[in-house]
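Going in written order, the chains are labelled A, B, C, D and E, and every chain counts its residues from 1.
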Amino acid sequence: MKIVRVIGTATATLKEAGLSGQKFMVVQPVAPDGAPTAETACVAVDAVGAGRGDLCLMVSGSAARIVRGAAGLPVDAALIAVVDRISL
Amino acid sequence: MKIVRVIGTATATLKEAGLSGQKFMVVQPVAPDGAPTAETACVAVDAVGAGRGDLCLMVSGSAARIVRGAAGLPVDAALIAVVDRISL
Amino acid sequence: MKIVRVIGTATATLKEAGLSGQKFMVVQPVAPDGAPTAETACVAVDAVGAGRGDLCLMVSGSAARIVRGAAGLPVDAALIAVVDRISL
Amino acid sequence: MKIVRVIGTATATLKEAGLSGQKFMVVQPVAPDGAPTAETACVAVDAVGAGRGDLCLMVSGSAARIVRGAAGLPVDAALIAVVDRISL
Amino acid sequence: MKIVRVIGTATATLKEAGLSGQKFMVVQPVAPDGAPTAETACVAVDAVGAGRGDLCLMVSGSAARIVRGAAGLPVDAALIAVVDRISL
């Protein structure tokens, strides 16, 4: 899982059937200390009620379709947890 | 999902059976503000009627075969939404 | 499999159903000689009882859901072995 | 799909059962204008009769096992189309 | 498939059930001319009897679990061929 921070949202009227009601969260990959990495921000669906500024764990690939409400949807990234604390 | 901009199309006469009728969109990965990233442009099938210049969400991997009309096709990237707005 | 070193743990109260009881290990990709690479640290579930400082093998993607206790969970990275020795 | 150019072939006597008869094409990822990118060349099986110098579309991952003749084979990259033209 | 050179082995006493008897090969991604790339070395299981110094083809992802003896194992990389020759 990647550590990411929610930095915004994306909206889309024209989209694949089944995606209505999904929240598209714009997320920035970060290091364990919360600093943004050089990786470009991407978009994930939200399975846990994450909000802007939250540090989250994001899964990629088929794991994204195992989360609540995403079975059978054409998505490849999902937020699966809001991180309380990282202990290094 | 990656945020990409449609920058062109690719045509191919010689191709795998089943790909006839699929539109091959050439897409450039971009940052949330729409600026192109250093990543090389790639090709995705279009599930939503995207056009040149549109900002879209692209799925990679097996998710690409969940979109309308792509079940069972040898594709690994598809446009699943045309982005109206990104709020940061 | 990637060679990684366990450098910490992450805790999350708000998370996908089914993830309770999973240990989220923060891991740093390393070279065969144990030196950290430029790749950002990420998070993996632990299937083998790894501890901080351990050198481990990490699988990504659907392989992560084959490990003990992770079937059907939305995870995409898991530690599958604690490395005793790398012979070059 | 990645845009790649066929730059050679690889031969292997010692290989997994089932791979006999598969052609291993060495391919260089390129930009839409045909210029090689910094990405290292890799190897794909050929599903469309591509030849040296051809610009092709390559799928990665499980999509590679959907192409003609590759079902059930341990391959993760396949050429699915020979590109006639890219319009930017 | 990636072109890699076998540069060593890894041993692990503590590992997922089912991995006993699997050989963990440490491999360095290389260019078609055999020169190491900047990519970090990783670990693959061996399906073809490869030895140190051999140039091999490596599959990643679910393809790794199609090779002989790896069905149902939590692995994401496997050597599927020892390369005799690359013709450019």
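Annotations
By definition in this document, a residue touches a chain if its C-beta (ideal position, glycine included) is under 8 Å from a C-beta of that chain, and two chains touch if they have at least 3 such contacts.
The model shown is predicted, which means the values in this text are computed figures rather than measured ones.
Within the contact network of the assembly, the step distance from chain B to chain C comes to 2.
Taking CA atoms, the transformation carrying chain A onto chain D includes a rotation by 145°, reported to the nearest 5.
Centroids built from CA atoms put chain C at 19 Å from chain A. Centroids built from CA atoms put chain E at 31 Å from chain A. Looking at chain C, one finds that residues 61-62, 64 touch two or more other chains. Shown here, the protein chains touch around one cycle, each chain meeting exactly two partners.
Taking chain D first and chain E second, the full cyclic order of the chains is D, E, C, A, B.
Those residues of chain C whose C-beta lies close enough to touch chain A in the complex are 7-17, 19, 24, 26, 40-44, 61-62, 64-65, 72-77.
Taken in their complex, chain B has these residues touching chain A: 1-3, 29, 31-32, 37, 39, 47-50, 57, 59-64, 66-68, 78, 80-88.
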